[in-house]
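Below: the structure, in structure tokens.
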Amino acid sequence: MKTNITADAGGANAGGDGAATSTSASATDANANVNAAATTSNSANAVNAAANANVNAAANADATDGGVVGGAGAGAGSGGGGAGDTTNSPCLIEGVVRALECLRARCPLTHCMTNGVVKEFTANVLLAVGASPAMIEHAEEAREFATMADALLVNLGTLDDAQMEAMRGAIPAYRRAGKPWVLDPVAVGALGVRTRFAREIAGCQPALIRGNASEIIGLCGRASRGRGTDSGDGAEEALDAARELAARTGAVVLATGAVDYATDGARVRSCANGHVWMTRVTGAGCAQGALAAAFAAVCGERLVAALAAAVVMAVAGESAAARTAGPGGFRVALVDELSRIDGESLRRRARVA
Amino acid sequence: MKTNITADAGGANAGGDGAATSTSASATDANANVNAAATTSNSANAVNAAANANVNAAANADATDGGVVGGAGAGAGSGGGGAGDTTNSPCLIEGVVRALECLRARCPLTHCMTNGVVKEFTANVLLAVGASPAMIEHAEEAREFATMADALLVNLGTLDDAQMEAMRGAIPAYRRAGKPWVLDPVAVGALGVRTRFAREIAGCQPALIRGNASEIIGLCGRASRGRGTDSGDGAEEALDAARELAARTGAVVLATGAVDYATDGARVRSCANGHVWMTRVTGAGCAQGALAAAFAAVCGERLVAALAAAVVMAVAGESAAARTAGPGGFRVALVDELSRIDGESLRRRARVA
Amino acid sequence: MKTNITADAGGANAGGDGAATSTSASATDANANVNAAATTSNSANAVNAAANANVNAAANADATDGGVVGGAGAGAGSGGGGAGDTTNSPCLIEGVVRALECLRARCPLTHCMTNGVVKEFTANVLLAVGASPAMIEHAEEAREFATMADALLVNLGTLDDAQMEAMRGAIPAYRRAGKPWVLDPVAVGALGVRTRFAREIAGCQPALIRGNASEIIGLCGRASRGRGTDSGDGAEEALDAARELAARTGAVVLATGAVDYATDGARVRSCANGHVWMTRVTGAGCAQGALAAAFAAVCGERLVAALAAAVVMAVAGESAAARTAGPGGFRVALVDELSRIDGESLRRRARVA
């Protein structure tokens, strides 16, 4: 499995990235410090949290071995690929860790032109991770904002004519400003207007495209089995389409599912973390797209940015599921875990290749 | 009390329903099983959850006897009506249980054209119960989606001109496709544009109409005492209007309040479950409308679908209130309880007639 | 000080209203008792919760003295102003307490024309405190609603052309009806369309204007350092701009930050409560604007209404932070605390001057 993974670039890029950007420990760090202090001085909670974490970590190991949908059998040590695959998972993880550190140091202002179902959750996810969300809708302001924000997310979930017009103006403004934009082609392939629109803007040099298997297949122009926002196709089935789409658009493509795959057309990275409950709350995928935009803003190597968005969301999801009993509590815990995730938890849990 | 309940059809319909649809134990069941396993393997949490459930069940029994607003004195054994009323509550409950099983087996794709306040909550409620939400807004796509989705909700909460146009196109498309649509006439009677629009589309054969007392009275053309989304009228006062509206439109009408009433113009079903906190979080009523659409998609007998939407939401609300201390936590717990509700809890708690 | 508080109206309203409504210690109280019991019987959690509360209260005192971003050193006793300032903090607090009692007695119907990110949270905050939210968007209905609602919030967060048109109609309708409207100039100063629009409507006699430092400075026409919805300026730096804006528009201006300041151009009130986590969840500021509208509806003295919105939100935020470990849980707890806040907690915690 994962025989397509090329080993050369993961470590090198990751290294290059982190060095360039992790230096600016500015205002946001002050916040981080204040919060850390507050959390630490709340000793009873800290102790409890630790205790819970231990219990849950153990419980979760069981759950993910046996319970995750399409779990891909990617247990400890499974990160290696086929013969000749020299991918170094620790290097990939270190790249993700550095990307997260950069994001927290720079707090990228992330402009989300997204759907009406997930705006609040998306904003809270970005805030929890350490980015700054902004939801500007007006066509003129959306263009203007390209000079201020650090990245743009274009999510087609509840597309209407006014939003299409605003997106058509904003995307070239971000390109002119040299800032990345991310396309999340929600339900593309299933519905006509958005499929045509997504194919149109996919030609405008997105830095990243993030979608489930059916959306990636549909955007690529192949027949998909999507049903609304549900994917009827497996992420692995989408990998061919993702490679083709990456080659055609120049974007890094993140195709999500039980295993998430990121590809620039040549190289492929994968993340086998996650939990089925992430499909039982609305907005986890859409928020992952926003995270991808935030990471793209701080991370020159877009393949690392895509992998970071996948891993950070999925590892936080596993942690959240391990301490909750239903989707309502899970959604709350997911935001908490995103604020708490760090290099240590990533190194302990991430299953990337 | 409940002397208006006619006894004839409840059992028969419920029986008819279940047999037709509960066979397809497909993909969604797999998820249900996986989740159950995951929860169980998180043993420390599971034990606590079980303990809480027991404690809360007891506490809740007290609460519903003495505390529910307008509680209607409908304790255990109160399901019977006046003299000559032979309604068989157990049969009604079994119909609701089968409807819930059908919903989980078939995971109906539920298209919600709803207001901007409750989109996320509505989506999470549908996901928790076991349905699949989709919020398509664009007029052309909303029509197109009628060929894919299983039912449509039309909620007028934050109506604007574009949404009216899209609804005007989508409703006949669902009718042509032979799929049910549900009208939730939020604040109708109080405001002009939506009152005219609601009366217009009420003529387009909705399968169900769900509203609070003032909304049902207002849609019927009588003087109501609604104030924004608050009802100034009692659900029992609305029963006459509901019967008239059902007779006139052909819809089953669900008039909600301390007691929810469902009627097809002749027969009346009631649900005396619920908790005052459901009126202290936004969106519980709107999400109930979405549930009604999901049930209508899987349940040929619309009176059962309406009752199921009422009972499932109200019983989950009681369970959630029994283990929370404020509206914030209640809203989270309500989603959890909706994912957990099953035949056993419905049989133990439902107070239907 | 607060010598400007007219003693007659506050007490009269509270007394008049309160008598009518405070007697019904019914369903909701019963629930509170039941829930408390349920929580207690979950003994392990209850013990921890209690322990946390104590620890956190202590931790929080430390945090707010030393740790809150831009903490302003506003500890006990720091409220005093220049020579001759006879501010009497207890009187200020009693004014806030009476405003909260009035709000709960009268449950003002609060029309929120607000942004798409925070509609649900705003509604839940209003419901939790005891007001009744309504989100009417259609231009014709928004005008019509002025005859029914008690106050209007105009929040520019996700402004578009249709919303501007609707706001342009609604504002004069509220003025004609003699009802207060509140302006929340989100991201004004940073973006052109909304800055022009905000300056236009600021001339239409808003009762209150609420914004962060950069927004107040930007609305005033000075150069601000705002970045999206983030303020780049301190609230104290904004105080001059706030005074000028108040004098020019006739509004009471609430400039928020680590310390919130309310001014009518001459008098200044401040609130030093709050917690850094309020900046780490979306919508706390926007919901504060909605609270300000609800308070303005019941509170003739607008300076008290502004202070009440600031204090109620900030004290609830402190309480919520003291019992949660991350922004997800904090957001849930904030709603709970808003439903629970009362005269006793305000008197114990409020740090106003």
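For clarity, chains are labelled A, B and C in written order, and residue numbers in each chain start from 1.
Everything that follows uses one rule, which is that a residue touches a chain if its C-beta (ideal position, glycine included) is under 8 Å from a C-beta of that chain, and two chains touch if they have at least 3 such contacts.
Keep in mind that what you see is a predicted model, and the values were worked out from it rather than measured.
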Superposition of chain A upon chain B: rotation angle, C-alpha, nearest 5 degrees: 120
Proportion of interface numbers common to chain B and chain C (over half same, under half different): different
For chain B paired with chain C, centre-to-centre distance based on mean C-alpha positions, whole Å: 34
Sites on chain A at which at least two other chains make contact: 116, 120, 331-332
Sites on chain C touched by chain B in the complex: 26-28, 30-32, 34-39, 41-42, 44-45, 109, 111, 116, 119-120, 123-124, 127-128, 132-138, 140-141, 144-145, 148-149, 162, 331-337, 339-340
Partner chain B, residues of chain A touching it in the complex: 55-56, 59-60, 62-63, 66-69, 115-118, 120-121, 157-161, 187, 190-194, 227-230, 275-277, 279-283, 321-329, 331-332
